[in-house]
Structure formats: structure tokens, C-alpha cells
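In order of appearance the chains are A, B, C and D, and numbering begins at 1 in each one.
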Amino acid sequence: MQKIYPDAAATLEGLLFDGMTIMAGGFGLCGIPENLILALRDSGVKNLTVISNNAGVDDFGLGLLLKTRQIKKMVSSYVGENKEFERQYLSGELELEFNPQGTLAERCRAGGAGIPGFYTRTGVGTQIAEGKEHKEFNGEIYILETGLVADLSIVKAWKGDEQGNLIYRKTARNFNPMMATAGKVTVAEVEEIVPLGSFDPDNIHTPGIFVQRLIKGEHEKRIEQRTVRQRENA
Amino acid sequence: MPWDRNQMAERAAKELEDGFYVNLGIGIPTLVANYIGENIDVTLQSENGMLGMGPFPYEDEIDPDLINAGKQTITELRRTSYFSSADSFGMIRGGHIDIAILGAMEVSEKGDLANWMIPGKLVKGMGGAMDLVAGVKRVVVVMDHASKSGAPKLLHECSLPLTGQQVVDMVITNLGVFKVDRGKGMTLIELAPDVSIENVKSSTQADFNIAI
Amino acid sequence: MPWDRNQMAERAAKELEDGFYVNLGIGIPTLVANYIGENIDVTLQSENGMLGMGPFPYEDEIDPDLINAGKQTITELRRTSYFSSADSFGMIRGGHIDIAILGAMEVSEKGDLANWMIPGKLVKGMGGAMDLVAGVKRVVVVMDHASKSGAPKLLHECSLPLTGQQVVDMVITNLGVFKVDRGKGMTLIELAPDVSIENVKSSTQADFNIAI
Amino acid sequence: MQKIYPDAAATLEGLLFDGMTIMAGGFGLCGIPENLILALRDSGVKNLTVISNNAGVDDFGLGLLLKTRQIKKMVSSYVGENKEFERQYLSGELELEFNPQGTLAERCRAGGAGIPGFYTRTGVGTQIAEGKEHKEFNGEIYILETGLVADLSIVKAWKGDEQGNLIYRKTARNFNPMMATAGKVTVAEVEEIVPLGSFDPDNIHTPGIFVQRLIKGEHEKRIEQRTVRQRENA
């Protein structure tokens, strides 16, 4: 079983169809699968439902797929860092389903773990709870949320090996590990492919069982809010 | 004289206790980190998957893989750990964070909170706010007492869509401090210097008790 | 001549395909690892939290922190990863394991499986068996065709409490191999050497089709 | 906040009461909190409900608390590796609640993550499903299982630091991470306490937020099934 592919276009071959659901890892522009998003754009696949916490910016990340109108619907917790998104949404061209961020994370985790539904207190008494089943546990009210799966998950890790084992770096981990478990097929891009046995098996974040295809990408890693402090004495 | 942003943050910092795990929202709450007493040790959580958040980096320390929930570049500490968003919100939803300090648009006298959308305006989403107010042990709101146009933000009922129902434990405004008994009512417990109870009453719609 | 334990294991090994992630139960299923073809690469999962299980250790390699689900000491491989029991069963429940090969006490013609308790005898518990049969993509049972007293174990309905309902895809016994269409019925597809269809029929209660 | 305590007895001070519920990590005898179990025995606390995958053996692990009759009820997936357990259970002195192992693991994870209930396919159509709510998702039937929390969780890790950050070693991880999240108070024992900053923050398994007290223990690490192979040529 060869999991390592030569490039991003090759990893997506045979996996794409119009109207499919794709999960994309990342938080803001941090830890997003930059190369696979570009390959999705170039593939021309359309009418996508994209599950991703955010929607990128105008010229980077998922914003690129908005610009080309390949996305029909976003399932996200926080968006609108880009004008094209705003325009499409306000004109009714783009559907949008908001989820509380923790609910979205848990829905992906549940989908990957074979859990079709779970109860949470998050959103009780708000718009989010409308139309959802309410249930009492120990005197408190909770709402039912459902597990999410995707036809394809695209994730970004720091390093990977030929078995598909992945490790993430710092806060670039975010949604990537759960989304890796919730794709019928999961494709990962990494900054470095390391020889098998390089990882301490106690430290692997995503076991290779969840990853069907893997590439080494080139990562711009754009920063959204460059925030610094000054040294007192330069 | 009403408190300014920094004074409100300073007041909020008094709610922190030694050993607390703390989540700070965007805006004035972020400033709270500047006023943590030297004799107490708290750990800041960032809901995108980090416990033990350090200060902003020096220019040569910037790391695109290291950001906070406001997408700002930050640094790590010796105590830092990283984890997934699912684990992070497990921590939040499971009641392991001692206190969240958040901004708000409106708070009702029963502790309802609205801070994520204004109908008719572009909605950017609730992010992690609904999870935080539903899961964190204690929720402290820091906000201006009235809107820029002078409309009260402490109301009988929130007019905006809720972020959480009966979730607020304390409100710190530029005029003073209110304790909230979730589902019951609020009590004014502190005034900013030279602010009178009448000042507060005139710009508050919510009913409140007074215990100063 | 009916198959012996090793031959049953060898037959079961033919169900493995290159790239498969595999969970092997205790008893005969454990022997399957000895018959994995050299041209295929499979990864063994141990439900106590390990992917990439290696062989038993040499005496000087024994590590009390490294055991399989049968609590036996084992070794790791270059591909190995460790994880918690929750993550391990997430993997199982979520349908990520390609095949489980398990022992059984009884299997019904619709694919019901009983292998965890005999009423009146001491019940040790189901361990991970219920999770495995409910979650793994394909479930293959390896067992003797009849009990020691000669009673059939392939039945119209299981008499023992179930481990799972309509969960079995294949049964390999010492007499032959049955394909099971979950919820529908079973088909004899292979016979052990010198075993006749009549031999099989005489020790089987379940109805089955024949396609040899 | 001082999390490191001098010994096992001290870590349990003020936390124990008769009739309480305790989660204990470990799988078989692997990764069990040996020192804290001994301290529980010596404390004399009784009528315990113990949530643990297994129940130890006659003279080691939770078997020690069975011998002293401190346990009223076990919530487990597989037991009976010890005779005293068998005797008490058959005589009706000991209550027992069996959970499928994955359901037990998930119930602990759910309890720690604020999820009071979730649906699973595990156990549908078996005794385990009796009396539980059934619900259909996408044409398949699932049963409702509830989250578990404990008054106290006792866990065993390999290394810990003064903030309570923990890392586990190999398959000794098992139930420990979830149980660490599901205790109102969690006490950990480790083989080594390391200076703060020793861990790579990407590799911490249990963040210190979940651990209120910590000791360095002495570990026998008994092996249940010593299984070896022979070298072909010695």
C-alpha cells in the first residue's frame, strides 16, 4: 500500500465529484491544507459543501474556492474575514450553517468515532437550539447534535511517514485530527515526510489508519494578525 | 469618573484566583492579562487548542503555527500544552475552565448574554462564545454600560439573539460591578469612583438590587 | 479431513488484503498472524490502544507497559502508534478497522453472534467484543463447527445472549467456510478436504445455501 | 498552587468519603495506579463504586480493595481474573455493571467533556440495550449511553511535571487519559516527576488542568500474561 503521492493533484485523483462534502482542517489561516485547496480549485469540482471552522481570506485558503464559486455551502463557526464571502452570502448565492465552534469540533470527532448523535448544553436557549431535540439529564436541559462525516477530508500536518502517521505542530493542530478521522477518504499534506520509525510511537497524533493518501507540500503559512511586542531595550 | 478600558480590565483581574485556568475573550478581556497579580499563578487557555498562553512575541519570535483564538501571534511558556479543538472544547464544555472573561452587546437581569449577532447586519458567527458561556464554571462580562448612542445594555430581556441563557455571573462596566444570580436577578456591588447609584440607574434598563 | 486449528487460522488469513487494518481475537484468531502472506502488508490493532502490534518479545525484551488485549506481553514495530482506549474504540466504532477475526460460541443463520456469556456460569464480561462486532467493517468468525459434546453451533437462532445482532460476514469452521449475508442467510462456499456436504449438514442446525 | 504531594496518603487527604464513586485507570494490571490503590485500602473508605475496566487479581490492583470489602459495586467490561471477586459476586455481596469496553471508555470521555449522553451501535439487540433509549439515525438503530463522572479519579502516568502535565508510556495509557478528565478531583501517580519545561508541549497527553494532585510512586508493574518467543539460535 503506497500512501505517498507525487503531488496534490495526484492525491485527489478519482476522489472528486460535484456536490460532494469536504472537511478542511485549520483555524483561521493556521494549519490549513494550502496545497490541497489549490488542487481542489484547479480540479474544477463544484457545488461543494465545505465543513471548516473558517472560510479563509479573499486570496488565500478556502477564499480561493469561494472566488471560483466552487462552494455551494459552508458549515463553519466564524467566517466573513473576506469580502467575496460576504457578497455571495448576502446575495443568497452561498448557503451557510453556523455551528458553535466546540459543537463543530465535537461533531467531527463524533462522526469519525461512529457516534451519530450526542447531547450538549452549548446553544440551549439560543437560535442554535431551534428545531433540535431537547432532553433532560440530571435536571439540566441539553440539545442533540449529530455526528458529521465527509466524502473527503483534507488536513495539514507538520510531519508524516509512509504509513500515514502524522504529527502536528503547536496550534496548527486545531481541527485537523478530528477531521482526519471523519473523512471516508482522508488526504494529508505535510511539511516533511520522515522515514518510518522516526516518530516516538507515544507521540503520534493521528495514527496512519486514518490517512489514505499523503503528500509533501510547500507552505506559505500566511499570518492573519501579526501581533508583536517591543523589546524594552533594543 | 467612570473606569476606562484598562481600569475595567484591572477590576476584572481581581476575579482571578491562584491556580485558576482562565479564558479571556477578544477586546477589553485581553487586557486583563496585564493586571494579573504577581502573587497569583493563573494559566490562560486559548480555545483553538492551547493551555499556557504566553505574551505576544518579539518580532524575531513570530511563528505562524502559534496563534490565539483571535488569530494573533503569541508565544508559549514552560507549562504549555497543545491539543486538538475537540479536546479544547471538551475541556471547556466539561467545566474544567475556572473563569471566562468576555465582552458582550447585551446582558439581561437573569444573566442571559448576547454577543454574537445583530439581525440585519452581517453575521460572522459565534465562534467559541456559545461553548464558553455554556461550559465555563464562572462567566464574567466586561463591557461599556451603554452603547455609543447611549442605549442601555443591561436589560430586562436581551433584544438581540442570545449567546447563552442564564450564563452570566458578573458584569463589569465602566460604571460599576454587578453580581448576577443566574435566573434570578442582579445586584450592584461596586461603583467606579465618583459614579453615583443614580448615574447607574439612569443608564440601566435591568432591575437590580443594591449592596454596596 | 477437517481442518485443525492452524489450518482454520491459515484459511482465515486468506481474508486479509494488502493495506488492511486488522483486529484479531483471542484463541485461534491469534494464530492468524502466523499465516499472513509475505506479499501483503497488514497492520494489527490491539483494542487496548495500539496500532502496529509486533510479535511476542524475546525474554530480554519484555515490557510490562506493552501488552495486547489478551494481556500478553508483545512488542512494537517501526509503524506503531499508541493511543487511549477512547481513541482506540473510536477507531473501531467509526468503522476504520477493515476486518475483525473472532472466536464464537454460536452464530445464527442471519449473522447474530454469541461469544460472551453462558447463563448460569460465571460471566467475566464482554470486554471489547460488542464494540468490535458493531463497528468493524467485516467480521469473520473462526470456531469449531460443533461443541465438544457434538451440539451444533451454527443455529437458526442463537440460544445464548448475543454479542451482536446481524454482525457476522463469514464463518470458518473445521468443516468449511460460510458466507453470511447479514440479516438474510448463510451460504456454504468451501469445504475442508474430504469433508462432504452431508457431513456439514448433519452437524449444522442453521439453514444454508450451497455455492461450491 | 502546589500540586505535588509527599506521598499517596497525603494526596487523598480530605477527598474520601464512604459511598463515593472512584474511577481507576489501567487495563488488566497495566498502567494501574498501584500506590493510590494501596492508599485507598489503608484509608478504610468503604461502600465504593469503582469504575475500572478490570478488577485486578487477588493480591494486586483493585483485588486488594475487594479483599477488604471496600467495594460495593464495580462498573467494568471484563472481570473475574480473581477468586475473591467471583466469590463476592456469586454470593450477591458485590454489585456488578458490565459495559462494553468501548462504551465504557466513551462514557468516561463524555463525562469529562460535558456530554451527558451519546448514541452508539454497540450492544444493539443485546442485553446491554435493554431499558435503554433506541433511536434511528440514517436508517440504523442506536442506543443512548450516558456520560460518567466520578468523585475522584486515580490515574497512573509515566512522567508528570509540577503543573500536572502528564505523559503515558505505550499501552499503559489505556483508560487513564479519559478518567483523568472525568474526576471532580483527579489524583495522578507517576514514575518520575520532571522539571517544568521538560516536555515537548506537542506531546503532553493529559494537560495539567485535569490533575489536581500528583505523587511520585514506586511501581511493581506486575505482568499478567508473560508471553515470550524463543530466539532461533541462542
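Keep in mind that, in the parts below, a residue touches a chain if its C-beta (ideal position, glycine included) is under 8 Å from a C-beta of that chain, and two chains touch if they have at least 3 such contacts.
All of these numbers come straight from a predicted model, not from anything done at the bench.
Colleague: Averaging over Cα atoms per chain, report the distance between chain B and chain C in Å.
Modeller: 54
Colleague: Mind checking the centre-to-centre distance between chain B and chain D? Centres are C-alpha means, answer in whole Å.
Modeller: The computed centroid separation for chain B versus chain D comes out at 36 Å.
Colleague: Just the number, please: Cα centre separation of chain A and chain B in whole Å.
Modeller: 28
Colleague: List, in ascending order, every residue of chain C touching at least 2 other chains.
Modeller: Expected reply: 76, 82-83, 89-90, 92-93, 135.
Colleague: Chain A: which residues touch two or more other chains?
Modeller: 106, 109, 113-115, 120-121, 168-170, 173, 201-202, 205, in rising order.
Colleague: Can you tell me, using the touch rule above, whether these chains form a line, ring, star, complete graph or other shape?
Modeller: It is other, because the touches fit no line, ring, star or complete pattern.
Colleague: All pairs of touching chains?
Modeller: Once each pair is checked, the touching ones are A-B, A-C, A-D, B-D, C-D.
Colleague: Can you list the chain A residues touching chain C in their complex?
Modeller: For this pair, the touching residues of chain A are 1, 109, 111-115, 161, 163, 165, 181, 196-197, 199, 201-202, 204, 207-210.
Colleague: Show which residues of chain A lie in contact with chain B when the two form their complex.
Modeller: Contacts found on chain A: 27-31, 53, 76-81, 86, 89-90, 98, 100-103, 105-106, 108-109, 120-128, 158, 168-178, 205, 221-231.
Colleague: State the interface residues of chain B toward chain A in the complex, per the touch definition above.
Modeller: 46-50, 55-59, 62-68, 70-74, 76, 82-86, 88-90, 92-93, 112, 122-131, 134-135, 161-166
Colleague: Report the residues of chain A in contact with chain D in the complex, numbered from low to high.
Modeller: 106, 110, 113-121, 135, 137-138, 140, 142, 146, 167-170, 173, 200-203, 205
Colleague: Which part of chain B faces chain D closely enough to touch in the complex?
Modeller: Answer in residue numbers: 18-19, 21, 41, 43, 45, 51-52, 76, 78-83, 89-97, 135.
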